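Both complexes shown next keep chain A, but they swap its partner, so chain B is in the first and chain C is in the second.
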Partner chain A sequence: MGLRAYVVRRCLQLVVTFWAFFTLLFVLFRMMPGDPTSMFIMDGMTPEQREQRIAELGLNEPLHVQYIEYVRQLLTGDFGQSFIYNDPVTSIIVVRFMNTIVLMATALIFAYIIGITFGALMGWWRDSRFERGGIIVTLVARSSPEFWVGIVLLSVFVFWLGWFPSSGMRTTGGELGGGFVARYGSLDFLHHLFLPALTGAIAYLATPTLLMRSTMLDVLNADFIEIKKAEGLPERTVLYKHAARNSILPIVTVAAIATGTAMGGSVVIETVFNWPGMGREMVSAVNNNDYPLAMAAFFLMGSVVIIMNFVADLAYVYLDPRVEYE
Partner chain B sequence: MTLLDIDGLKTYYGADDGWVRATDDASLSIERGETVGLVGESGSGKTTLAKSIIRLLPDNAEIVDGSIEFDGTEITELSDKELRRQIRWSEISMIPQNAMNGFDPVYTVGDQIVEVIRHHEDDTSKAEARERGRELFDDLGIDPDRIDDYPHQFSGGMAQRAMIALALALSPSLVLADEPTTALDVVIQDRILETIKEMQEELNSAMIMITHDMSVVSETCDRIAVVYGGRIVELADAETIITNPRHPYTLGLRNAFPDISDDDQELISIPGSPPELVDPGEGCRFAPRCPFAEEECWEVTPQPESYGDGHQVECHRADEIEHLQAEAGKKETWREQDLGDREPVGTADEQAAEAEVRLDD
Partner chain C sequence: MSTEQPSPIDSTTTSIGERFASLRQRFEVFEGDRLGQIGLAILALFIFIGIFARPYTIELFDFTISTPGLAPYDPGERAVGDRLESPSVAHPLGTTDMGRDVLSQLIAGTRVTLIVGSLAAFMAVFIGTNVGLISAYFGGWVDDVLMRITDIVYGVPFLPFAIVLVAVLGSSIVNIIVAIVLILWRSTARVIRAQVLSHKQRPYVESAQAIGAGHVRIMYRHILPNVLPLTFLYAAFAVAWAVIAEASLSFLGFGDPNMLSWGEMIYNVYTANAIREAWWWVFPPGICIMLFVMSVFFIGRTLEKEVNPELNHQ
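And then the complex of A and B:
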């Protein structure tokens, strides 16, 4: 089977995965105890008012009608009205989603660039001081909870050294840029981004480092590494072009999965650094039984994971010629 | 004209309990265009000997003594950089045991041939290097268009041919072939050996063929060095090693391989296992397994003796050739219990060492 057929089939699978994913979301939310009115009962909401509110939200309709309406809205990119804010979900969530993506992507990119490089060198210089020290540092980073790392960074760089702002995404009173570049490209933003992204990078660093190191050790035992050395190629070529290039394959899969973890982990980092991202919004939406908002948040996060896995699959075809399109 | 002259080479591996003497005092010289076979069991040190020549050794290995003179250059004294620039691949290349694993799986075979050519020849363009790869493929009986295939797309025999193409890409003066055909079936094995032979003659390259297969060396090699316990115990032209060997180990090795022309031949194996090479001490290393070992064999390490025409043997009893050859052909000579009977000959230490070897099995 050719490459094109493979890509087409993967795309079809993507559609099916998405369908399964948003259906599951729908079912899960309908199975949750309570409804959006529960939190108002204490405030003296009468049963009549409650009925009326439920009817307004369309929650008295039969499930299949709700489901069809839900799919129709998703297909048109409409996530509905937030029960709590009474605003369209899209306007609440898209900006926050972008904030989270920018933060997490920065953290992950740094974690993986640093992790892959250090892991490769740790494998190459096996049994050296560098390797032993590297493993210890990596394990310490791996075992430190994100909120703790965040607080330590805050106390050192903000409260003690005063190098970085303590929270938020931009200085109060700063201009709210219109476009993507104006919003995320400004120095003020990058200044705010540094510490939360560093916290994330420290948390996600260990997986690629340790995985890269152990795959390197395997690959370095392969016959072809010996042949490349016998060919008289410089060590750097053997290390990067051959050993590291082969060791990177499993990292691709792990990176896709890590994206999912990072999305979840963003809740903690966003809370510590008061980052206006989606993680925090998602938690409060769940607490408030704000179905449309919570569902949209889950939907976007899940979509990122699904799409990243799709990208990883396609990248694998490019990176490893041995992958069979079956 | 001598191409390679190895003299008193000692390559040791550092282990927890001392040096493993994988190659211990080996001397061997090779002429241009000549093929020399290194024969011995696994763990006899034949691969270490060959890899010492291009210093392709693991980090814990060290050439502790001896010299390797290649075409006037002392290899043990070169810097790593000089070794990479002047010797590796351009002068001495290698063919690994399993060609499929010898190629980096993520690049095409052609890319890897081009990479090595261009690394050593600064003036060669990519297209020229590729063209040379295609010609080599053609010479070796592979469709030149397959140069753009990935290693996993080749069959075993085809991959081995492609590996030979890679090994010959820079017309080296010496090729180290480490069991180049053991991974292949017999019919393909034969064809590959023939191809290697033809190409080698065309380029006038010398070759060191490492193998444990007597039939392979007898077909392809001009001379054969029999390696045991890190030492070259017998060295002679192929004909002599096959028909008229003097070392008991060679005699035993010959017994263990089938001869198609002889229907009644009974295969006889050599009892015991290769020696422990950590501080082996004095004495012949084959003595614990040798049916002819005498007191002297346990106490004095035999030195190479010449028996005319480049025939060298490290054995105290090599003079008694007729007796040895006659006895070695009998199955009862090599019976395991016989070995047990004569053990008291050695010193207490040696017995302890030997008991250890047995336990290790």
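And then the complex of A and C:
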């Protein structure tokens, strides 16, 4: 199978995966206990008003009609009305989504810069005390759930040292900037961003570190490294220019997949630090039976995962010419 | 991959004695591996605590055996007037905002972790191994269908899915385990499939086919024993991920209200707004989660050496 055929097949698979994913969403959210009107009944809604509300939401239609309507709405980016905020879900979720992306992107960039550097050094100085210590530190970081890392950082840097604010995205009363740079570039924002981003960085550090180390070991065994050393190149040049560069390939694929997984982690990190992102919004939406909002958040997170898996597969065949398409 | 290495149990005619020898050999991997030994020791300690957390009374015919529980108090018992008390002799790890003993809650929580970790990992690996085995052995459309399903599951974000499923089915330990298993089997399935694909081509499978062994027999009697070490490795990882997932779910408030877990303890600290002052209440459960998962990862690393000697862990 050629490259083109592989890409076409992978695209088809993407469509099927998406279809399966939003069908799963439909089934899950139709199974939710307590129909969406139950929270209105408490406001003294009469049975007629309730009927009317159900009709408004289209919940009295047969399931297949509801399903078609649901697909149509998703395709047009219409997620309905939030029960709690009484605003269109799309307008709420877009802001939250951006906040989550900024937080998780920062965390992942940190994680991969630190991870790749440490992993490369661990492979280079194999059998050293540095390597053994590094492995233990990485495994400890990997064993800590995100919320636990967050709590430890909170206790040390906020409650004990008092260096950082404990929660939120900006100091209350701080003026909301209009543009992207004003919003995410201010010192106050970066001050708030540091701890949650560090939490994510620690939580996602293990994968690139261990992977970089083991591919480094593979590459260092290769003959061309010996040749480069024999050529009399300085160690540093061999490490950076030849060994590390050739080891970075598998990391690219894993990084794409990690971006997807980080979506799940954002749920926890945002809850710990009260970060106004999509993950925290999803938790409170589920708790408040605000199905449209919860579903939209879940849908966006799943979409990121699916698309990043797709990117990972394509990046892999593009970057490594040795790959055979099965 | 080490797929060319002859496995010690490649032959299908191993006697029970040889089985035991190979089992002993498995434990020998831990010899000289400090991290693996530490992992085993920590895990053994947690299992001990989990089993003897609460007092038992076993009645066997005329005998009544009762063991004392390790937890000094009933985890739900309120000691009036001792609210948010820092550690003392009566309460070595202090009390909660309700005046409950933290140490007792911690000990009782060990059991939840063990149950979730072992059951979820067993079920996930059981499903994953079977899917991988069947998919690779039969190939063709069976392989296509099973692997596309695996791909789809890879597209589902783990924690958000678990949250929604638990919200739909209700917060109970069984539903939490189901939610974890529904996602966790995917990695085992892929890895086992790749391994079985390479085993399918080997002479021992061909000779088994030649003497007329059936599909089921070849799959489970001949191929499965050879991929079992890999299954064990993934079981160790599955335990770790399952425990982390349960802790995260409970921390977010979706835990089983009737079975207090470590994650739920931290959730309680959060909702009581006591995280700033009550360090004795936050740190013990967090450290326990970390130690438990760490012990499993240490054991996993040792198993990995056995499964994949080329990884060069020395």
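Assume the second predicted complex is superposed on the first by the 268 of 326 C-alpha atoms of A that agree within 3 Å, B and C clash if a C-alpha of one lies under 4 Å from a C-alpha of the other, contacts with A are read in each partner's own complex, and residues count from 1 in each chain.
Keep this in mind: contacts are C-beta pairs under 8 Å (C-beta built on N, C-alpha and C of every residue); 3 or more make two chains touch, one makes a residue touch a chain.
Only a predicted model underlies this, so the values are computations on that prediction, with no experimental measurement involved.
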Combined model on chain A where chain B meets chain C, clash or fit: fit
Return first, second, both or neither, reflecting whether A:His242 touches chain B, chain C, both chains, or no partner chain. first
Once the structures are superposed on A, label A:Ser91 by its partner contacts, choosing first (chain B), second (chain C), both or neither. neither
Thinking of the overlay built on chain A, is A:Phe224 touched by chain B (first), by chain C (second), by both, or by neither? first
In the superposed arrangement, does chain B or chain C reach more residues of chain A? C
Applying the document's definition of touch, where does A:Ser128 land relative to chain B and chain C: first, second, both, or neither? neither
Could you say whether A:Gly232 touches chain B, chain C, both of them, or neither, answering first, second, both or neither? first
Of all C-alpha distances between chain B and chain C after superposition, which is the least, in Å? 14
Where on chain A do chain B and chain C both make contact? none
Provide the residue numbers of chain A that touch chain C in the complex, in ascending order. 13, 16-18, 20-21, 24, 28-29, 31-33, 126-127, 136, 139-140, 142-148, 151-152, 154-155, 159, 214, 217, 260-261, 263-265, 267-268, 271, 279, 282-283, 286-287, 294, 297-298, 301-302, 304-306, 309
Which bits of chain C are touching chain A when the two form their complex? 35, 148, 151-152, 154-161, 163-165, 167-168, 170, 240, 244, 247-248, 251-253, 263, 266, 275-276, 279, 282, 286, 289-291, 293-294, 297-298, 301, 311-312, 314
Quick check on the complex: what are the chain B residues that touch chain A? 54, 56, 83-85, 87-90, 93-94, 96-98, 101-106, 108, 115-116, 119-120, 150, 152, 166
Residue positions on chain A within touch of chain B in the complex are 222-224, 226-234, 237, 242, 245-246, 319-322
